[in-house]
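Next come two complexes built around chain A: one with chain B, the other with chain C.
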Partner chain A sequence: MSEKPKADLIVEKLREIMETSATEELDWSNYGPQSTIESLGLDSLTILDLLYDVEQELGVHLEAIDIVSVGNIGEMASLLIDRGA
Partner chain B sequence: MPDRSSSYPASPRRVVVTGMGIACALGIEETVVWQNLMAGKSGIGHLRAFDTASYKIHIGAEVPEGLIKGKLKELRRRPIDRALDLAVVVAWDALTQARLIARKPPWSEQDVAVLYGTGVGSAQSHFNAFSTFFEKGPRSLRPTTVPRCMYNAISAGVSMQFKLTGSNYVVVSACNSAANAMGTAFRMIRDGYAEKVLCGGSDGFFDPFFFGVWNNIGVLSPIEDPAKACRPFAEDRRGTVLGEGAGALVMETLQGATARGADIRGEILGYGESSDASHITRPSVEGQAKAIRMALDDAGLQPGEIALINAHGTATHSNDATESKSVRTALGSAADRIPVMANKSYFGHALGASGILETITTLLALERGMAPPNLNLENPDPACNLNLIGNKPTSIDRGPAMKNSFGFGGANGVLIVGPTT
Partner chain C sequence: MKSIRHIIEYCLARILLLFVDNLPFGISCLVARGAANLWWAFDPRRRKVARDNILRSGIETDPKRALAMARGATQHMALLIVESLRSHQFLTGERFRDHLEINIKPDVLAALENPDQGLIMASGHFGNWEIAAHFLSRYKPVVGITRRMNNPLMEKLVQSRKSSHRFRPIPKRDSNSARFLEVLENKEILALLFDQHAATHNMSIDFFGHPAATFKTVAMLHLVTRAPLCFGACRRIGPLKFEIFTSHLIQCPPSGNKNEDIRSILNQLTQYLEDAIGQAPDQYVWGHRRWRD
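Coming up: the complex of A and B.
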């Protein structure tokens, strides 16, 4: 499998995870690799839950600092692939 | 700080209700709840929340499917925990009705306190956390387990959702919780510590663990027909039925409500509370009668002035017989003529939220001068010597009503509410 489709797959998986674990309805209207964490409206607690759900679903452990340091969902997908997702 | 120096206690501030929100098995709109009550339609049914095949009991009173989810979606919230979700929905209705907030955000911060009673708090979150712990071990616990499971997640969630900056806390005293919360709110306003309080209770406990616990304590009715299972004050009563639910009232001063032109739905006239200090689950006549007398004294009323009693009426053998004696002990011969209603045959026993559900039905009855029928009371128990309403709606005199709430731990709370004057 080439890297691009896998990244797309992870971007979609992240949406799935956030849709089920977020405590508020997030804005999906322009969701894609370019979406920033802020644009989705995730607060700090939701990010903690996101880390948890990513680990449960994808088997990759991320720290909060990892999420803060990525610019958008696409970069987060790349990071997850680098870590073995 | 409000001035409470010269006028208290000679002329304490009058406390009125300007908004109500309710969610129970009869519905989530007060008009629908009232229609179902007057039609004698029970909301108890076979549980849908999870598979009860391996349990002794298979029935309960659930809020009709989809209603809470729909309201949360309007608020752009996702379900978090059943007790919190219910609490937020009824808060939204009460605050909107009181015209403290517009129906849609944005909302600005305002000085309103939030006091909720709950029997079991975030039961669903606890169940999920324990399940994960035992299945996958401690390292698998969700990082947000603490904010989800803490009891004050309920009041904190409501406070944050609607930007209410008064104090927020949760009162826990089993089935007396909401009564304690309302009584405390009443005193806070009357005595000048707060101008407006959103108060009530919430309990959402239909999960496999919590329901199992209640199955095994021996107070749930084994009658399999849901509509006939809960029979308050009947000779053939067999126990109570659990029912999830929440309710909220906006309380404020009469003066404040009048000044801002709010609709007044009723008045809080008095409150009494006590402890049995005798047995963890067996109620006591002395403890309950003490709370009833305190509430009457607090309201400055004689027993004969009470127009309606909404009983705790759990339909357990012990509760109904004891409550009947307590009412007789405290009210004497006035109890011969005061009509008594018991609502748990409609929406089950909401534990910590039962007091608020039944205070709202009491206020609805006072507004209309009518009380709904008591279900399943074909054979009143001679040991329950009260003027129990029969199987038809009854007109009631205009006057104050008494709402009893009694909880495990010997916790008793009695609220006196009056119609708008």
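Coming up: the complex of A and C.
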């Protein structure tokens, strides 16, 4: 599988997880890899929730430093691929 | 008008500090107790909250004795301030050995001494958490949430008194998870008091048998970062004598059931806090509204 489809799959998976983690109703079709974490209405604690879910769903543990530096969904997907997702 | 009030508050605080710094410790404590009694006399609302909380906890069932305990807790807060302001005099160098009884579990000590590991130290509004933070900063910088004072002169004064040890405050309005993650990434100690009413992102956890809205942050940080987590507190055992104690590290790897993991961690922490309060109930801040149903 090439990198691009894999990234797309992970973005899709992230979107699924975020739909359950987000506290606000959002139209997820408007969001993609460039969407920032903040724009999704995820506050800081919800992000921790999200990371827990990502680890359980994708089997990848992210370190604190990785988490702090993530700016948008695309970066998170790349990070997860780097970590073996 | 506001700035005049700030200046008056600042001047009063400087005068108080002059006394605290120069009077013998016993006299300072007497003055502090007197100030606490004044506060007690003029704050009936807080008095009632504290008494009702003690009765609700079941630690005391007689209203009169509960009221006396609540008054003792108010005096404890005044002593906490005096002790904290004097801490640089008795906690520096090796003098701390005369004042502190250390009961830190070996696994927690190993985490404290490991330069490659941060630590989440959870505690409650019990004992003297300022002394605990001062002592722990011997191992690594300690970072905690503080409420910025409305009076900027007072804020500057308070910060100047804290600069003698490695305590780094995070203002309450900036206390988000990203800041906490940075602390753990820097291998520092993140000290969090988890027993405040949590209006959002909470989980209902029984505190002395009654549901209390509890912040999930401390549990989520442990689950996501795997940073070691323990309960710790500092109990006054005599004049300028304290016991610093911790639980063992709380082991809770993510199980896949997030809510159960969080509940398990918060239940353990709450149990440790209840046990600590049971040892010295007049050293708990009963005046804050832990239960809001």
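Methods note: the second predicted complex is superposed on the first by the 79 of 85 C-alpha atoms of A that agree within 3 Å, B and C clash if a C-alpha of one lies under 4 Å from a C-alpha of the other, contacts with A are read in each partner's own complex, and residues count from 1 in each chain.
Definition applied: contacts are C-beta pairs under 8 Å (C-beta built on N, C-alpha and C of every residue); 3 or more make two chains touch, one makes a residue touch a chain.
This is a predicted model, so every value here is computed, not measured.
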| item | value |
| --- | --- |
| Three-chain arrangement built on chain A, chain B and chain C clash or fit | clash |
| Touching partner for A:Val68 - first (chain B), second (chain C), both, neither | second |
| Chain B versus chain C as contact partner of A:Glu16, first or second or both or neither | neither |
| Most chain A residues touched (candidates chain B, chain C) | C |
| Which of chain B and chain C A:Leu51 touches, first, second, both or neither | both |
| Clash with chain C, by chain B stretch, listed 4-12, 58-66 or 148-156 | 148-156 |
| Chain B and chain C footprints on chain A, overlapping residues | 45, 48-49, 51-52, 56 |
| Parts of chain A lying in touch with chain C, wherever the complex brings them together | 43-49, 51-53, 55-56, 61-65, 67-68 |
| For the chain A and chain B complex, residues of the former touching the latter | 22-25, 45, 48-49, 51-52, 56 |
| Touch list for chain C against partner chain A, complex | 176-178, 181-182, 184-185, 201, 216-217, 220-221, 223-227, 254, 256, 258 |
| Touch list for chain B against partner chain A, complex | 73, 76-78, 80, 140, 142-144, 147 |
